[in-house]
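Two complexes, one shared chain (subunit A), two partners (subunit B, subunit C).
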Partner chain A sequence: MFNFLNKIARSKKKIKPVESRNTLEEQSSWKEQTISWLIDENIDLMKKIYRIPDNRDVKVREIKLGGKGRKAAVFFISSITDVRTIEDSALRPLLLNKDPDAGIEEIIYTQNVTAVTQIQEVVENVNRGNAVIFLEGKPAAYAFECANFQGRSVESAETEVLIKGPKEAFTEKAIVNLSLLRKRIKNEALVAETVTIGKRSKNDVFILYIRNLADNQLVENIKGRLNNLNADAIQNLSLLEQYIEERKFSLFPSVLLSERPDRAASFIEDGHIVLIMDNSPDSLILPATFWSFFHTPEDHYLRFFFGNFIRVLRMIAMFITIFISAIYIAVTTYHAEMIPADLLLAIAGTREKVPFPVLIEILLMEIAFELIREAGLRVPNPMGPTIGIVGALILGQAAVEANIISPIVIIVVALSGLSSFTISDISLNFALRIIRFMFIFSAGLFGIYGMTTLFTLGMYYFVSLKSFGVPFLAPMSPHYVSSKDTIFRKLLTQESLRPGYLKPVDINKKGNGAVK
Partner chain B sequence: MKQTKGKIGIREYVAIIGLTIGSKLSDDTPSILYSTARNSAWISLLLMTLLSIIPILLLLKVMSAHKGKNLHEVNLHLFGKVLGNLFSLVLLAIGFSFVVVDSERYVDIIGTMYFSRTPLIAIYVVLFIVCAYGAKRGIEHIGSTAWLAYFYIKVTLLVALGITFIQGIPELIFPLWGPGIGEIVKTAGSNLSIFADIFFLALIAPLVGTFKEYKRGTLIGFGIGAVEITVSLVLFVMLFDFTSIEVLKYPFHETIRYISIGFLTNVESIFLPFWLVAAFIRFSVYLYLVVVLFGGIFKIKDFEYLVPLMAVLIVALGNASTISVYRIPQLRELLLTWLSPIFFLSPCFMWLAAKLRGDFRNGTSTKNH
Partner chain C sequence: MGHLLKIINIVIMLAALFILPGCWDQTGLDKKVFVIGMGMDKAEASGKIEVTYLIANAEAGISQQGGGSQEPSMQTITIRSSDLISVRNTANAVIAREISYDLLQVLVVSEELAREKDFIRFLYNASKDREIKRNAYLMVSKERASDFFTNNKPTMLTRPHKFYENMVNRGIETGLIPDSQLHHFFRITEEDANLFLGMYVTTEVKKDKDKFRANENNVLAGEMKFEGETNNAQFLGAAVFLEGQMIGTFTGVENRIVMLINRAFEATDILSTYPDPFMEGYQMAIRLKKVKDSDVHLDLNKQPPKIRVTLPLVAEVMSDPGMENPAENKKKIDKIRRYLEKEIAAQVKDVVNKTQEEYKAEPFGWSLYARKEFRTLKEYMAFDWMKTYPRMDIEVDVKLRFGEFGRQPKIPTYEGIRD
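Then we have the complex of A and B:
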């Protein structure tokens, strides 16, 4: 029996030939060649590189040109190209051509044709969805753009939801994202440079900034970092973020991820740098300060008082998220005297039958809340309501009735959980949720003294953070010239300065009072 | 617009002064003043403020001739290598003792007023873990934290003092001259060193953005600190009257225990965190200054590595003093008395030395003074 199984296993190994020869070195040795004078050699080499016909979507169309009957071959990958363009703009004119001496540039109709001389360049073009034409008697190949990668269309933002303001969000296609940004900044100075990262997968990163506005040193710094990456593949921005961020073990993020083109555009206009990439429905904004994580675009879309009102709400919510559970623990265990007597009696009454210390009680409930939250996120849609029932009924009501948790703890934890949702940035949100647990433990250990200790430690750490040379709490401290858009914002017409910590070339962005 | 690395701006500097001098109203400094000057402690503080202007202005004058140098380097320059180092060493000894004694007081406050069942050593260690971390991060970050916290600390102080004013009885500040002018002047003279922090802060003078900012910051910080302490000295008397205030060890903490806000009858735990943040920042600054001075005297370039060692030393000494036969309050009073003439006279000597050496004659000093 065992022998039999063994045989099957071995035979399977034999059936599947291991592509041992297809190493990176060998691939590159093929690709390093220049294009030969002989078209058949070129076609053979390309077929070898692309393993035609094993590779089903790589297409080669060999044709004889009219007149002298010169041979030509068109290479493309059908799954990532617009086949109609190839047929209409290249194949048809090639077949209908009667002039024997005409060059490729004169025959085909596409918006641009580039002549390349290296196999390497040919391969790159084909991989990017372009088509490449080889022509007999020419030591060059001609590439033209006809890429058509599949992806979804522009949809509305899902994580950064607004009531007032534009609704569209980035998609997974970098070109679409670029178009969304160019739609907002119609300026020739908006530069979209690309850097290719990922040795095998050749992922392109677009670096967007406004020339003669963004700090050159910063742009060079980021380009340098991207060029220095040594990885086979970096698929999207969420991964790239972790490659280029500065403090990898820090709780606080140092680059901002936003899925809103309007937000990215306003950051670019302030002199920030934005990275976009295929396969990422978002943009990476750097450098980022604490305030950029704390703000939402709606703060500015709403009128002055309304915008500041939601900022105050968010600030309060942030403090509630971090502190309320810890304060409850500290006050009930260490500083009971500060609660008014009636309330103290009420709390003591509800805790009468609960067998746990407050710290354990709070921890139980906080962890339960985090579980509901995580499960609610992962649960398949049709089962969503189940989570609600389980969460609200069993963990809430039943736990109280079973005297495991006191009702006040439910209020406290629900408040802290609810408040945490007001921070829309996912990185900051996670940071706050983890910090909340640290405060809970410090309050359990030393009451308000412990909390203040942790707070001061945190502040020392917080002010020492930097994102690409920009202090995390700038422009509040250290002080920089800016529009003072921190906890509150000024009137829109008075926000006339770009943030000074970016060292923008032109600091004024508006006239005084935004009038001429 | 461009911020040079490692430097602090005027805001941060004022906040540092505000938190080092200003928070003296919340330790046992008021009770030391009350013990001799009684209800007129605030007058003696005003007198101190007036007296302190002289050494502070002289100090600023001397520093203006030596921009880019800290106090220790100026000492070396003025008094030569041997005397300068000796002078700095005396300063270090006094500064260090002050940190030990002061921190012991703070631990005592936390231990007796708020956490009576927590062992003092635990409070002490936690306090200095934070301070060592802050001092290790450097003055730039201490400054930023100080500035960020400054507003909230002072607002809560203002609230506390405001309520004290409402609940206090203004007539209690009379008789205005209390124990008599002689006692008031004596108190002022022997406790002048309340403002000696400014003298020690000259150690970070080159780290403040520009000399102009340093000068203005010093004067503003000094002014705010003096007003704060004076006002609170008046208000404490208004709340407790002079006979009981003399027996109170920590008037500020008794005050926040005594007052009530609406339905909240015990509000001290609301003020406690703000006071604690101020305390943490204050001792971070002190620790940093001690280490800078130490590093300067013994020519240790990477002085920030001394921070943990110094912190351990302070905790050990401070904790030992709680169980020793010497009593810290007396020790602190003694130190204040010793430091007072040093604080008053050293800037005078420095100025004299600078004058004799002709440091003020080059053009740089006249421009800013």
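Then we have the complex of A and C:
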């Protein structure tokens, strides 16, 4: 009985197809071959690599050319190619061709035809959405471009919203993104180099910079870092960001993600380097400073005073976000004599009926606010309004009416939550929200003294941060030659220098007063 | 293993950091009651005083959802004690929460206690307590301080801290009461050269018939006549302290003159009345402003020592009962100027005389100018400013500059109307 079962088990093992042990090594050993003189061999190898006919969208069309009846085969993946182009520009001319000696270049109509000799290259071409033609009696294959990956069209920006200024945003197609950038920088010096990362998935990263502007050392540094990556797949920029950033445990981001082509373009023009990639509707801008997270493009699109006004607002909002809850705790528990009499009595009065100490009260509300925020983000669209009602009505109103939270705490938390929304960069936003909790705890334990200590330690850390060799607070501290675009901005006509911390080849970007 | 040890060490250190130095003795706001005013009265037993607390009810006046309270806005209690410090815990026998002096604004002393020699012993305790702020105001009440607090029922500003804050600030602005912060009291008492002025307050309003007065403010608190429904406490005039003991009073007008001369005071909105030189029996309303500090010249080598003061003032003539419209006539302006300079100088002279003859010390802060005249502190001490002051030859000259003459509408002549 036992023997019988064993037999079955063993026999099952034997049934398992050999191809299932299709490891990476085996895959590459097939690919390392050159294209054979015998077309059938090539076709067979290709079918083996692509597992035709199991793989349903990989198509092969075998045809006999007119005249001598030479055999030819066209390989392509139908889901990522424009089938109409293949039909019109390749298949039709091939079938209608009467000249037996004509080369492929003379027959098909496409913009370009490349002859390749390695199976490796053939596979790469097919994977990128190109079609490859094998011809009998030729130890080469011919690839032509007909890629058509599906994706969104250019839509308006969703996370970095502006009132004044361009509306379009990057999409998931790197080529489209590149086109959006080239539309803004019509300069032959704008280089779009590619580096392939991801050993299995072969993800391409475009490195964009202006050749005679960006610091060469920086470009080499970034290229080196990208080439050094060893991972099977890095699908998009949000993931790539975490592979290439320097301090992975830092609260502060060191690379800027932006979905706005206008923003990316202006960074490139200043000598920064921008990475774009398929499947990411953003661009990765590096190196990044604190100011690049703090600014929005609208600061410059608006006129001088208006732009600086929103900068001031945002700066205030940033401090409110970090400090207001902590200050409330510190002042009400440790430094009551600091508050004006009216406010002190008002706070004391509202606190009389509330069961928890101030620290717990603030924490409850802050966490509730974060919950509303997170839930509001994850909730499916049709349910969105419900979250708003639950959050505002139940948590705020009812908590006060039930004497669980004092109304002043609602004001404090609402203010800190609202202020945090003014920081549009999601990474900095998260950083500030987490720091806020650190300050809340230090204020709860040590009052203003604790907050001061934490702030001082935080500043030490803050000035020690670097992003690709650029200090985080540059050009303010340490000082660098620049247009001083930090908390405030100058008149646009006076912002005539590129940031010095990038060591740009050409530091002047405008004439004096922007006139000739 | 070493790595693990390191982590354990760090965790223990962090835990210790939070457990050991945290401020675990802190008290939440809801565990405190706030004293707005404190009263001091003479007790029957010697070495004791009766301390009155005016405690604000934090819950009054706020609109809290989930049921507001109908509790009164304040309460007063009086306890016998030997000092201002220990009474805080003694009071806890009847008051449920910790007593906090964080919001202490006024310190009311009954005139009876203020005139005692030993008063200073009790008041100096206030400088020892960390929570008693030195910008609390010292007031002297005609009646017992406990009676003052109980009888004082503000009608519109029912929350006590608001009432005292506004009453005091406006009183100082208009020059009706002196700026009597505790800090000034300690400073002047220790300086031993000047008079300190405390606010004079009362709820005991005299019922007898009102006498005619040229200026309604020329009285003390409790003597001004008013009708209608308003606060029954009057804040008017000053209690004069010499060496930490009360020796007399100044009326509202006298206090105002001291505030104009003394550079330590900021009276910004003084409205006063003087007889109209053009129309007998009527009064002109004058706004006086101190724009510059007065000019003080001392000649201390003479016998008697001489003090010459020039008081630069800006006057605004706000009313014109004679309907003469002096603004348009240079001669009339000069007449008013001469007249007012003489009037004010005479008033000042009266006050100076009073201080020289009655109080034998000065509240004008001139001793500060005198210090510059001596090379060493010893010489100054030997001169003994306070002793010498009553014999000094003092003259105060008023330099008047006119500001505006009120709004300038075209006023018809009297004859034009009554023809």
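FYI, the second predicted complex is superposed on the first by the 496 of 516 C-alpha atoms of A that agree within 3 Å, B and C clash if a C-alpha of one lies under 4 Å from a C-alpha of the other, contacts with A are read in each partner's own complex, and residues count from 1 in each chain.
One rule holds in what follows: contacts are C-beta pairs under 8 Å (C-beta built on N, C-alpha and C of every residue); 3 or more make two chains touch, one makes a residue touch a chain.
As the structure is a computational prediction, the values presented were derived from the model and not from experiment.
Trainee: For A:Ser201, is the partner it touches subunit B (first), subunit C (second), both, or none of the two (neither)?
Mentor: neither
Trainee: Which of the two partners, first being subunit B and second being subunit C, lies in contact with A:Thr452: first, second, both, or neither?
Mentor: first
Trainee: Between subunit B and subunit C, whom does A:Thr117 touch in the aligned arrangement: first, second, both, or neither?
Mentor: After superposing on A, A:Thr117 lies clear of both subunit B and subunit C.
Trainee: With both complexes superposed on chain A, which partner does A:Thr493 reach: first (subunit B), second (subunit C), both or neither?
Mentor: Neither partner.
Trainee: Is A:Gln33 contacted by the first partner subunit B, the second partner subunit C, both or neither?
Mentor: neither
Trainee: Determine, under the contact definition given at the top, whether A:Asn212 touches first (subunit B), second (subunit C), both, or neither.
Mentor: neither
Trainee: Could you say whether A:Asn55 touches subunit B, subunit C, both of them, or neither, answering first, second, both or neither?
Mentor: After superposition on chain A, A:Asn55 lies in contact with neither partner.
Trainee: Quick one: classify A:Val463 as touching subunit B (first), subunit C (second), both or neither.
Mentor: Only subunit B is touched by A:Val463; subunit C is not.
Trainee: Which partner chains sit in contact with A:Glu337 here, subunit B, subunit C, both or neither? Use first/second/both/neither.
Mentor: The answer is both, since A:Glu337 touches subunit B and subunit C.
Trainee: Touching subunit B and also subunit C: which subunit A residues?
Mentor: Common to the two interfaces on subunit A: residues 334, 337, 446-447.
Trainee: Over in the complex, which subunit B residues touch subunit A? Could you list them?
Mentor: For this pair, the touching residues of subunit B are 1-3, 8-9, 11-12, 110, 114-115, 118, 122-123, 126-127, 129-130, 133-134, 137, 140-145, 147-149, 263-270, 272-273, 276-277, 280-281, 284.
Trainee: Touching residues of subunit A toward subunit B in the complex: what are they?
Mentor: Where subunit A meets subunit B, its residues are 331, 334-335, 337-338, 340, 446-453, 455-457, 459-461, 463-464, 471, 473, 476-481, 500-501, 503, 507.
Trainee: Could you list, by residue number, the parts of subunit A that touch subunit C in their complex?
Mentor: Checking each residue of subunit A against subunit C gives 332-334, 336-337, 341-342, 344-354, 357-358, 397, 400-403, 407, 445-447.
Trainee: Where on subunit C is subunit A touching in the complex?
Mentor: Its residues touching subunit A are 18, 21-23, 26, 28-30, 32, 34, 36, 56-62, 64-66, 100, 102-103, 105, 131, 133, 159, 161-162, 165.
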